[in-house]
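Below are two complexes that have chain A in common, paired first with chain B and then with chain C.
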Partner chain A sequence: MGNLLRSMSRIPPAYFVFAALLATLWITKPQLMNMNVLGIFIRQVAPLGILVLGQMLVMRVRSIDLSGAGVLLLVNYLIASGLLRDVPLPLVLLLSLGIGCLVGLFNGYLVARRRVSAVIATLAVTVIITGFVQFLASGKPPGNMPDVMNDIYKMKWGPVPLPVVLWVALTGLMAVFLSRFVYGRFVMAVGENPTASHFSGVPVERTVLIAHVLAGFFAGVAAIVQSASVAVGSLRLGLEMPIDAVAATILGGVVFGRGDGGVWGPFFGVMCFAFLFVVMTSFGVPEPGKQITRGAIILLAAVFYGLSTRNS
Partner chain B sequence: MTGVTKRFGPTIAVNDVSFEIWPGRVHALMGENGAGKSTLMKMLAGVHRPDAGQIAIAGRGVTFANPREALAAGVSTVFQELSLLPNLSIAENLFLGREPVGRMGIPDRTEMARRTTAVLAELGMDLDPNTLVANLSIADRQFVEIAHGIKADAQVLILDEPTAALNAADVQVLNSQIEKLRAAGKAIIYISHRMDEIFAICDDVTVMKDGNHVATQPLSELTPDSLIALMVGRELSDLFPDRAADVGPVRLSCKNLTLGSAATPLSFDLHAGEILGLAGLEGQGQSEIVRSLIGRHTPFGGEVAVGGQTLHLPISPERGVRFMQRLGVGFVPEDRKEEGLLLGASIAENIGIGLQAARPGFALLARVRDTAKRIMRDLDVKAQSPAMPVGALSGGNQQKVLLGRYLAADMDVLIIEEPTRGVDIGAKAEIYRLLRALAGQGKAILVLSRETVELIGLCDRLLIVHDRKLVSELAGRDATEHAILNAALTS
Partner chain C sequence: MTQPTGTSRKTRAANRLFGRNSRQGNWWAALLIIVMTTILLIATTDDFATPRNASNLLAQAMPLIIVAIGQMIVIVLAGMDLSVGSVMSLTTAILALDGAPIVLIPLVFLAAAAIGLVNGIAIVRLNVHPIIATLSMQFIVLGIAQLLRPVAGGSVPDVVVNVVTGAFLGIPAPVFWAVAVVAIGWKIVHGSRFGLHLFAIGGGVASGQSDTAHNFGLKDRRNIVLAYILSALFAALAGFFIAGRIASGDPGVGSQFALDSITAVAIGGTQLSGGVGGLHGTILGAILMALLANGMNLANLSAFLQGAIKGVILLLVVALQSRKKMGL
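Presenting the complex of A and B:
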């Protein structure tokens, strides 16, 4: 019995929450259970899902990344503002990914080499980028997104929206990378015990640094998908996205230093956010109610994090 | 205790054990790891309930539902694991949950500090009660832990390996404290793997093996050899394998290593096929010497030649371990739980991590399962499968897994801190044989240990370290504890 309970507690809560939401939807609104409807809702969380891939990685090496908000804002502005209107779009997108990697490299340098608190460092980076974007915009709202991005965003592969395909593919790649390659083993070791990892010859600093660079890269990808989903650019800073990413990661069973949930746990953590939105919309919950529920989910994740660290 | 039995599932941890302890005497409880000592003591301390048998204190049968009831009945325990809260002060730890309350229901900090100072003074310690436990040395923490256990007004006191983290001088202080408690008529149960301590302070001994009671007798009737024979069924001299007949070329050469700006430079060579020991009193610089070689201590200067390269010290603290591994030097750290093993990871992962670490991060994982299985078989690691988490193994098996990591990586030079810390006698003998076999294969091994007997029995050559200098060199076969102490102190 105790053993059963213990192995139950190692299953990420995201799976239970997801199953509960699915069942609720199935019983109350069976007409919604088709891929065309659900696909639209899942597509909305694809940027979050991609951001979570990076968040999950840095949290497994006992760090955190809140700079996703800054990357999102900057990339969004660069694409929409027309500042680079003479540069071909693919190059702009490449530049966006480069910006993500660069921000990640800077975070990684601060956290791994300079041993700065990850929360403070990455939050400060977000604040700096926000100020920089406001300086570039000098009060003027950014313009429209290129139509071609929104067109691609709306394409489908069979019944599945393209952004969702991208998200699932990246998650699958990440799963293979972490389970089959040496770097994945380094991530496990550093999460388990950084000191013992150092003495076994694991390059601890480099592992943390690369985790941050990858997180920056995923933030860049997430930013592009997010930009494609909207028609016009925005200067509003959304800190919700990185916070949601942390919550989804914890719901997915990945907590600081421990990766019980693997890559798919956080994936379903994000799916919970999508389905919660569907369920609430179908029950006619107004926007403030959704906001409160979202907050409650994040709290739930924090409570679960507290429980699972106490058990270990 | 009469006919006490405890089962965990199908395994019988303690089988029909009966013995008595007397007030005013120190009773040693001995046996290899896994002999059932800890389980037996946990029953006495109310952590586990016996499945059969009877525990009586002062003639009255007792059953404890929980540790609190045992404590109320006068049984007080100092467990092996440190249970202090690092972010609280010494005083806050000692009075946790029962703070003396002053006016207005606010904890009386002055009173707490005063009483803490008094308790610590009794243990011969002069520490500020407001010091955070996190800032204490391991030894000081252990004393605070003991103060925590002793100050409860107990009749029966269980000390589970209280000296594992203490050096010789601290052990003296602890011993005198135990003398006082004995004189005060307390019954004390003392668990330790250190033979000299047992004979120094204990009156009686109970030996356990595989959950069974082997013997209870006064220590005056025993010698260290006969006591070990009771525990493992063989004599002390059998523990150590034969020494090397001859040694090969120099594998690692340390020149003019200077630990501090004013320290005397020291040099030594480590040959293939030999086991070299760093001996001397504790904390004289042995650990700094070996840690300088992998960058975890920053010496003033010096150079080390190994694997065809000459490196100038100090070397990078971040990359030193990796760099030395590439040159074929494996460093086995002393603290296997904090610095050595990934406790939550599997045996195979722990053995394989050294091999993986030698590969670039974007390479595919090396296949290590067969290697891990071979090493588990060679070292006789007792576990159901290579997938078991290392944290679930006994101390001896954990130590074998840790050594196995460096065997898997096939290092030419092994630097080993405390090869048998917290390991039972049976596993010690196996580790000695293993190290000797490795030396026989041409590996060069540098060892440091707190246990002088171990160094004498194991090593071909001993370097005596005192006050951060090499003061003497002895051949292992000529060395005695007396000679080592003499060399250290007359330098």
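Presenting the complex of A and C:
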């Protein structure tokens, strides 16, 4: 019995929640269960899914990245504001990815070399970027997004929307990267025990630093996809996205230092979010209710893992 | 932290300068900046040194001082409370409900104590990292506050407004608040067995063994739970003060206070890794933050830039603190 419970607790909660949500939706709103509608739901969380790839990586090396909100806001502003009107779009997108990597590098330096608490460092980075962007925009919402981006966003590959294809492809690449490359072993070792890894010759600082740079890169990609999904730029992007990313990652069985859920656990964690807010809206739950759910998911999933790791 | 033998005189001087061997941390840097800022403000502006402005400044600094004392209590034991801002918002939302003050005021502190209890139990019994526990609690409590009061408005009982903005014997109420809060904080942190145990628990964590205090027979779990309850209660008190000043409920009022309180605590010399810190440093840190805000307002700096500057200050302060642990 104890063994069964223990092996049950190794399965990420995301799979159960996903099944439960799908069943609820199937019983209460059967008309939504067709490929087109589901595709739109899943397309909406593609930016979150891409952000989660980075979040998962930093959480496996016992860090966290809440600076995604800042990167999202900055890239959103750069593309929509027309500051770079004369620069060709591909170059702007490259610049966005560069900004993501740079922010990630800065986070990585603070966390790995200066040993700053990751929550404080990345939250402060978000606060700084947010204040700076709002100052540049003097509080007014920026202009429109280029139409090309939205057109690409709406394209489909067979029945599957293009952003979802990108998301799945990046997730697959990540899975291969973590399982076939030495860096993946380093990530696992650092997560299990940083001190032992250090004395076994694993470059702990560099591993954490690279994880943060990659997280920044994924935040840049997520920011581009998110910008493509809206017609008008916004300054109202809050902390919700990185918090949802943390929740989805924990839901997917990846907690600080432990990666039981692999890459596909967090993937299904994000899929849960695709349906969670749909189900909540269809039950008439108001916006603050979603706020509460967000917090409760993180807390419950963290408790789930806290209890299952306490005795081992 | 003991001084390893054989360290050079230069290292020892640097350690002393940054307060690395002191239990109080480096609080005098904050004092120095406060003195310099005050002199600068007196020299450059006409109406800074008036009793009226001093009283205003105290009233502006008061919420941060109160919430920073609570934040310090949990930071000293190597924790952190990110839910304080939401607790403040919830407090104003509850006070602005329809109801008798005799019901509402105790309700505020009961709710805060319950939130602190949940934080504490999640951390010590359910083995959740303090930052994750309080981060999720921040969203849950904010959601409840938004349910009670979706947009700013309503009115709080007259009693709350009078206690905060009134005067007694010609002395404005915030002065009494300051004396009372400092006295309570001093008793808790530096004048009780609980306070001593805080430093013992946090010092153990900072030195790398999370159960040192436990092995010496301290009731560490119950002390940690109590610390989170106290932190939430101080946040509720700060929310009470703000509710009296704005005389209404506002679910967004506390959004800045989680990071601001951590900045104030860190600037006052308290180490985020635990075990080192002091009440006087924290109060100086909170006053410094209020002075900076006041100075930036006098200099007509954009509110958005002020936010960014506060973020830079936080980053600078925490990057200068030394810590062994990497990550969260």
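One rule holds for everything that comes next: the second predicted complex is superposed on the first by the 284 of 312 C-alpha atoms of A that agree within 3 Å, B and C clash if a C-alpha of one lies under 4 Å from a C-alpha of the other, contacts with A are read in each partner's own complex, and residues count from 1 in each chain.
FYI, contacts are C-beta pairs under 8 Å (C-beta built on N, C-alpha and C of every residue); 3 or more make two chains touch, one makes a residue touch a chain.
Bear in mind that the values here come from a model prediction, so they are computed numbers and not experimental data.
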{"item": "Touching partner for A:199 - first (chain B), second (chain C), both, neither", "value": "first"}
{"item": "Partner chain(s) touched by A:97 [first = chain B, second = chain C, both, neither]", "value": "neither"}
{"item": "Contacts of A:52 with chain B and chain C, given as first, second, both or neither", "value": "neither"}
{"item": "Touched partner set for A:208, first chain B, second chain C, both or neither", "value": "second"}
{"item": "Chain B versus chain C as contact partner of A:42, first or second or both or neither", "value": "neither"}
{"item": "First, second, both or neither for A:287, with chain B first and chain C second", "value": "second"}
{"item": "First (chain B), second (chain C), both or neither touched by A:183", "value": "first"}
{"item": "Partner with the higher number of touched chain A residues, chain C or chain B", "value": "C"}
{"item": "First (chain B), second (chain C), both or neither touched by A:219", "value": "neither"}
{"item": "Residues of chain A at both interfaces, chain B in one complex, chain C in the other", "value": "204-205"}
{"item": "Chain C partner contacts - residues on chain A that touch it in the complex", "value": "61-64, 110-112, 114-121, 123-132, 134-135, 138-139, 194, 204-205, 208, 243, 246, 250, 256, 286-299, 302-303, 306-307, 309-310"}
{"item": "Residue numbers on chain A that touch chain B, as the complex places them", "value": "180-186, 188-189, 192-193, 195-207, 210, 258, 312"}
{"item": "Complex contacts: residues of chain B adjacent to chain A", "value": "318-319, 321-322, 325, 331, 333, 338-345, 349, 352-354, 356-366, 405, 409"}
{"item": "Complex contacts: residues of chain C adjacent to chain A", "value": "80, 82, 122, 126-129, 131-133, 135-147, 150, 259, 262, 272, 302, 304-312, 314-315, 318-319, 321-328"}
